[in-house]
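Here come two complexes built around chain A, the first alongside chain B, the second alongside chain C.
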Partner chain A sequence: MRKFLKTYLPFTRAGIHGATAYRANFIAWFIGDIMYCFVMYYVWRAVFASSGSSTFNGFSMTDMVVFLFVTNLTGYLTESDGSFAVGEEVRDGNIAMRLIKPVSFDMTFLFNELGQKSLTFTLIFVPMLAGVEIYKYFTYGRVMFSIGTFALYMLSVAMSYMFSFYMNVCFGFMAFFLKNLWGFNILKSSILRFLSGSVIPLAFMPDTLRSVMEWLPFSSLSYTPVMIYMGKYSGQEAALRLMLQFVWVIGFYIISKIILSAALKHVTVQGG
Partner chain B sequence: MIQVENLQKYFKKTVKQPGFMGSVKSIFHSEKETVKAVDDISFHVDKGEILGFIGPNGAGKSTVIKMLTGILTPTAGNCIINGQNPQKNRKKYVKEIGVVFGQRTQLWWDLPLTETYAVLREIYEVDEAKFTKQMEFLNEVLELQPFINSPVRTLSLGQRMRADIAASLLHNPKVLFLDEPTIGLDVVVKDNIRRAISKINREEGTTVILTTHDLEDISSLCKRIVMIDHGKKVYDGSLYNLKQKYGQMRELNFEAADENSILALDYENAFASNGLGEGDLTFKADGTMVTVAFNTDKISVEQMLNYTLGTVHVKDINVKDADIEEIIRRLYKGDAEHGGSI
Partner chain C sequence: MCLWGDFCLKIFEIFKEVRRGFRLFRIFAAQHLKKLMEYKVDFITGACSFLIDQVVNIAFLAIIFGGVESLKGWSYYEIMFIYGFSLLPKGLDHLFCDNLWNVGYGIVRRGEFDKYLTRPISPLLSVTVEMFQVDSLGELVVGIALIITSVTHIDLPFVWYDIPLAIVAVLFGMLIYTSIKIILASISFWTKQSGHIINMIYGMNDFSKYPVEIYSRPVRYGITYIIPFAFTAFYPASYLLRHTDPVFSILGTVIAGCVLFAIGLAVWHKGLSVYESAGS
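The block that comes next holds the complex of A and B.
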C-alpha cells in the first residue's frame, strides 16, 4: 500500500499543479454553472407558482433550491473527464507516453484527477456547501446540518466518483475503436444528465419510469448522494442505495479492465 | 540482447471516398486498405551495441520502435528484448528500458523538471543514493542545470529533448530506444546529445537502438546500421562495409580562373567511352565553383584530374570521399530501381 501511494501520489501532485495552471478556464466554467443554477431556480419557481401548492411531489421550494445547488456541487466532485482525457490521448498518440512507464494506466488517470478534485473540494465545494447550510438555517430558523448524514453523503459521493471514473474510462477506451469520440461524448453527457436525475429529480417522474431509473446505475451518479444529503431516504433505503452503488462500482471496474486489455491490442498510435 | 524475428505490422486504413455521397456510403460500408508498415523484419543486437536504424520517411522505423517498446502489438513475428516479451508483462518490461520519441515528450507539462524527475524516481523505485549519482552524471553530460527548475511547458525544443533523454535514463535502463532524438535541433545541441548517448553507452554498457534522418548521428555513434525501406530490411551491416560497397563515389571540387573557361568542359563527351550509367557522373557549376561527382569504378581519379586540369585553369582543387548521404541516396535509388533487396 505504501509503495502504491508512493507511486501514484506524484500524479495527484501533478494534477494539482495542472489544475492551478488552468485556473482561468476553471473560473469561467464555475461562473457559468452558478448562472445555470439561478436560471433553473427561476424555472422551478415558475413551475411551483403555476402548480398553486407549496410542495410538489414532496419537494418544497426550499428543497428545490437545495437540490439545485447540491446537485451542482456534487457534480463537481463526481464528474470525471476520464473519457475525454483517455480519448484525447488515444487520438493524439500521447497514450504511448503512458504505456512506456511502469505504471498502471487507470491509476495514473485516477490519481491525477483526485489532485484536481482535492482542489475543487477545498476551494469550491466547502465554501459553497456552507452557503447552502446558511441558506437552510435562515429559511428553517435552525441548524439542519448533521455530521452523520454528511458522512453518509461523502461516502456516497466517493462511490459516485469511482463509478463515474470507471464508466468514463470504459467510454474513453472506445476511442481505441472509434478514433474520434467528440460527438459521441456530447450525446453521452446529455443522456447521462437526464438519467442521473440531475436535471429533474427522479421523484418527479411517473412511478414506473422512476423505479427503472432508480435501479439503473446512472441515478447513483448524482441523485443518490443528493437525496442522502437532503435526508429524503430512510436509513434502510439509504443503506440499500449505497449497496447498489458499490455493486455498480465493482461492475464497471471489471468491465473497464476487460475493455482495457482488449483495447491495448488495438492501439494504433498515430504519428511520430 | 535484442532478437527480432519476422516482425510484421499491418495497419488497416479506411479508404475515404470522395464527395458527400462517398461519406454517406462509408457509414454503411467502408473499404479497408492494408498498409504493410513493417513487413517481415529480423535482426539481432548485442549487449552494449549502438544500432542505427535508418530509412526514408514512412519506412516503418517508428513502428518497429513502438513494437519493441510494447506500445504496439505486432501483427506477426516475435521480439525478445533482455529476455522479455514487451507485450507480455508491460509494467515489468518497461522498467528496464528507456524510451525517447523525438516528437513527443514524456515529461509532465505543468511540472518543473526537478519534480518530474522526483516523480519518475518513485515510479521506477530508484533509491536515493543511486538517483543522486545518476542525476549528477546526467546533469554533467546533458547540462540540465540552467533550466532544471523551469516548467516543461517553457523549455525550448533543445532543452526539452535533453530533459527527455535524462528522464529516460534516470533508472539506468539496460536498453535505450531513441526515435529521432535529434530532430529539429541545432548543431550544438545535436552534438551535446550525441556525446551523452555515446558516454552512457561506454560507461554503463547500455544497448542503444536509434532511428534518425541525420547521417551525422549515424557516423558519430553507430558502427552498425540497419536500413529499412517500405517496411523491409534493405541493409544490415557495418557502416564501414557500406562505405566500401557503395563508396566508390568521389567528389571533385574546384574553382576555375574564369567563368568562360568552364564552357570548355564537357565531361559526358570526354568519358563517353567509359560506359557511364545513371548517377555515375554529375556536374554542377555555380559561378566559377564547380562540383563533379563521379564513380571511381568507371572513371579513375587520375583520368578525372588529367582531363580537368588539361581543359581549364584552376585556382584551387580538391577531391573528397563521397559522404554517406550520397551513399544512402544511391542505395535507396538502387532499391527502387531493382525492386529487390541488397
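The block that comes next holds the complex of A and C.
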C-alpha cells in the first residue's frame, strides 16, 4: 500500500499543480456554466408564481433551487475527462509512452484527476454549497444541514466519480478502434445529461421510464447523490441506491480491464 | 463637400472589402468542407448530440407547461417560438464567426496571430473567414423547425413587412453576438488569453431564451442595456408574436448591434496596436 501511494501520489500532486495554474480560467469557466442555473431559477420562480401551487411533482421552489445548484456542483465533482485524454493520446501516438512505463495505465489517470478534483472541491464546491445552505437557512428559518446526510452524499459522490471514471475509461479505449473520438464524446455527454437526470429530474418523468432509468447506472451519476443530499430517499431506499452504485462501479471496473487487454492487442500508433 | 467625398470613398472601400470577404469566405468554406469530409462521423455525431440536447430541452419545457398554463402570460408555443428564434442569430454567428473563440483560446498566446497580420486583408476579416462551423447548421435547422411548429399553434398578427423585419432582427442579433465575441477576444491582445472570459459572458445568452418578465429588475436591465442578449431573441420575437413596441424591439436590436460592433472594432484595433508575438 505504501509503495502504491508512493508511486501514484506524485500524479495527484501534478494534477493539483496543473489545475492551480489554470484556476482563474477554471473559475471564469464555472461562472459561465452556472448562468444556466440562474436562468432556470427564474424560470421556476415564474412557474411557481403562475401555478399558484406550492409544489410541482413533489418539489417545492426551494427543492428545485437546491436541485439545480447541487446537480451542477455534483457534476463538477463526478465528471471525468479521462476518455478524452485517452482518445487524444491514441491520435497523437503518445499512448506508446504511457504503455512502456511501469505504472498502471488507469491509476495514473485516476490519481492525476483526483488532484484536479481536490482543487475543484475547495475552490468551487465548498463555497457554492455553503451558499446553497445559507439559502436554505433563509427560506426555512433554521439550519437544515446534517453531517450524516452529507457524509452519505459524499459517499455516493465518490462512487459516482468511480463509475464515471471507469465508464469513461471503457469509452476512451474505443479510441483504439474508432481513431477519432471527438464527435462520440459530445454525443455521449448529451445522452448522459438526459439519462443522468441532471436536466430533467427523473421524478418528473412518466413512471415506467423513471423506474427503468433509476436502475440504469447513469442515474447514479447525478440524480442519486443529489436526492440523497436533499433527503428525498428514506434510509432503506438510500442504502439500496448506494448498493446499486457499488455494483455498477465493480461492473464497469471489470469491463474496463477486459476492454484494455483486448485493446492493447489492437493498438497501432499512427505516425512516428 | 470634400468631407462628403471622403465619406463616399470610405463607404465604397468598406463595400469592396465586404464583397471580397464573401468571396474569400467561399474559398475558405470549400477548404473547410473538404476537411470535414475526412471526419464525417464526427460531424454526424456532433449534429445528433445537438439534436438530443434540444429535444430534451423542449421536452422539459413541455413538462413545465404540464403544470401551468402560461409563464407570466406567455403560452407554451409562444415560449417555443422565442426559443426557436434565439437559435437563429446564435447559429449564424456560430456558423461564420466561430474562430473568434480560438483567438481567445490560443491563437494569440501561441503567437499564431502573426500570420493574419501578414495577409493583405484585414486581420479581423481574415481570422473570421478562416473557419466555417458546419455544426451550427443543427442550430439553424432546429430553430426553424421550432418556429414553424410553434406558429401553427399561435394566432400570429402577421403582416407582410414582418418578414423583412425578422430578417433584419436576426442579422443584427447575430451582429450582437459577433461583436461581443470581438470585444472579448480582443482582451487577449493584452492578456494573451481570454477564452474563459468569452465563455463567462457568452454563457449569459441563455437568459435570452425566455421572456424578460420572469427576471428580476437588475437582471432585466443587465440583459437589455449592458450585455444586450435580450435583443438577440426575446424583444424581436415578442414583436413578431404580439406586435408590441416595434420601435424598441426591432430598432433596439439594430442599434444595439451597431453600437456593440463599433465598440468591437475600436477595441480590436486598439488591441492590434499592442499585440506582441510569442517569443521562442
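Methods note: the second predicted complex is superposed on the first by the 263 of 272 C-alpha atoms of A that agree within 3 Å, B and C clash if a C-alpha of one lies under 4 Å from a C-alpha of the other, contacts with A are read in each partner's own complex, and residues count from 1 in each chain.
Assume a contact is a pair of C-beta atoms (placed from the backbone, for glycine too) under 8 Å apart; a residue touches a chain by one contact, two chains touch by 3 or more.
In this text, all values refer to a predicted model and were calculated from it rather than measured experimentally.
Visitor: In the superposed arrangement, which partner chain does A:94 touch: chain B (first), chain C (second), both, or neither?
Guide: First partner only.
Visitor: Using the touch definition from the top, say if A:204 reaches chain B (first), chain C (second), both or neither.
Guide: second
Visitor: Going by the contact rule set out at the top, does A:51 touch chain B (first), chain C (second), both, or neither?
Guide: second
Visitor: A:212 in the overlay: touching chain B, chain C, both, or neither? Say first, second, both or neither.
Guide: neither
Visitor: Now for A:126: first (chain B), second (chain C), both, or neither, which partner does it touch?
Guide: neither
Visitor: Does chain A have more residues touched by chain B or by chain C?
Guide: Here the partner covering more residues of chain A is C.
Visitor: Per the contact definition in the header, classify A:7: touching chain B only (first), chain C only (second), both, or neither.
Guide: The answer is first: A:7 touches chain B but not chain C.
Visitor: Could you list, by residue number, the parts of chain A that touch chain B in their complex?
Guide: 3, 6-7, 9-11, 13-14, 17-18, 21, 93-94, 96-97, 99-104, 264-265, 267-269, 271-272
Visitor: For a test of understanding, state which residues of chain B touch chain A in their complex under the given definition.
Guide: Residues 11, 62, 66, 69-73, 90-92, 94-95, 97, 99, 101-106, 108-111, 115, 118-119, 122-125, 179-180 of chain B touch chain A in their complex.
Visitor: If you look only at chain A, which of its residues touch chain C in the complex?
Guide: 24-26, 28-29, 31-36, 38-39, 42-43, 45-47, 49-51, 53, 56-57, 178, 180, 182-184, 186-187, 189-191, 193-194, 199-200, 204
Visitor: Can you list the chain C residues touching chain A in their complex?
Guide: It comes out as residues 39, 41-46, 48-50, 52-53, 56-57, 59-60, 63-64, 67-72, 193, 195-197, 199-204, 206-207, 209-210, 213-216, 219.
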